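Reading through the structure tokens given below for one structure.
Read from first to last, the chains carry the letters A, B and C; within each, the first residue is number 1.
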Amino acid sequence: MTDAVSARIAELGLTLPEPAAPVAAYVPTVEANGLLHVSGQVSFVDGKLLKGRLGEDVTLEQGVLAAQGCGLMILAQVKAALGGSFDRVERIVKLGAFVNSVPDFTDQPKVANGASELMVAVFGEAGRHARSAVGVPTLPLGVAVEIDAVVAVRPA
Amino acid sequence: MTDAVSARIAELGLTLPEPAAPVAAYVPTVEANGLLHVSGQVSFVDGKLLKGRLGEDVTLEQGVLAAQGCGLMILAQVKAALGGSFDRVERIVKLGAFVNSVPDFTDQPKVANGASELMVAVFGEAGRHARSAVGVPTLPLGVAVEIDAVVAVRPA
Amino acid sequence: MTDAVSARIAELGLTLPEPAAPVAAYVPTVEANGLLHVSGQVSFVDGKLLKGRLGEDVTLEQGVLAAQGCGLMILAQVKAALGGSFDRVERIVKLGAFVNSVPDFTDQPKVANGASELMVAVFGEAGRHARSAVGVPTLPLGVAVEIDAVVAVRPA
């Protein structure tokens, strides 16, 4: 037995990672007033951290994969927070994307699309979200991308 | 026929831009649980992107104008999202300002005031918002400022 | 007479600072739809700004203290916003931590723990929050850390 969104993820040929434990003194998600806030997820790809900096040692293609990896981890955290099903997800509201960038790299939107397109592929209309995407000079553990999220959820 | 806030914008001698299409795979705004999340808006001034970096090739005055341009685009997106009127706006809740900065530029608050003062001029008390303002080394398309927003809205 | 959380802060040997006035055209907090958004608070420690950059002139220990200082100022702002008591606090929902960092400093999570551990020490389970932590090249006034927050509050 699986919910429709989990089935869709499998159809897309994607596999959710094990939800990563926070690297510090916080929790992966908090639900309050119908909104689930998801902690910044760092770029895991195929179970390993994708590290480095766009414009330096990470290509645009790798950056897109890194952002998709953040998106998959967001999905894994959301599913774990909602008792193993996406059925309560009403809308992906907002993604906040931080892209490890050299000062002359300005394609943060293309990188962040790795996560944005994932949300639309998985949730359809409910996956269309607001977003900010900015460059940063460094990220935790040296990862290439970090993305946090706000998700609207139906009452339990 | 126009709502009071649109009239006030005209009184201030300001013109809302055409709401810009997102530069990537997301949408300008999402409304959920009484909050409208507005995507990061980049600095358009007089219909053109204001590009560059504070402390390098963008002066403080230009930075303030860039932030005002982000604010006007936020207003344009909010108006479009709410069916062409500001009547449902209850409160500007939060602005998140990202200022393209060299490492020794520390006047991000003065830059972000270009948007903050706009909100108060336009909405009065309802325009008084919480804010964060930080420096970043680079932004999408090389713009000088990006600002996102959370707006409380009344039921439709 | 004092509320339980204020008593706990005193038990921990901590003192809340005077809530700082915003350095610009905005307000410290806005409450809307059950969420209190707290403006980015800069790192005051013992009444003085803790300035500098991690990996350059600020040690990890100092960074942790800077983040704790941001956290104490968030608490001071929340208490002031809620009429001098923490009784309406339901949950610390989200912290957004910006750490002034050189490009090869990647311990933003350890720095941000200065605020995160404070929230858990003060509020217990209700202090366990979602979080993002990123590096930035510069911050307002040259401070080492800036942190903003979302707090769920009970009806007044």
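Definition applied: contacts are C-beta pairs under 8 Å (C-beta built on N, C-alpha and C of every residue); 3 or more make two chains touch, one makes a residue touch a chain.
What you see is a predicted model, and the numbers here were worked out from it, not measured in a lab.
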Among line, ring, star, complete and other, the chain touch graph is complete
Given over half shared residue numbers means same and under half means different, the chain A/chain B interface is different
Chain-centre distance (mean CA atoms) for chain A and chain B, in whole Å, is 25
Among chain C residues, those touching two or more other chains are 33, 35, 96, 136-137
Given the complex, residues on chain B that touch chain A span 22-30, 32-33, 35, 37-40, 53, 96, 98, 136-142, 146, 148
Per the touch rule, the chain A residues reaching chain B in their complex are 33-35, 90-96, 101-110, 112-113, 116-117, 120, 128-137, 150, 152
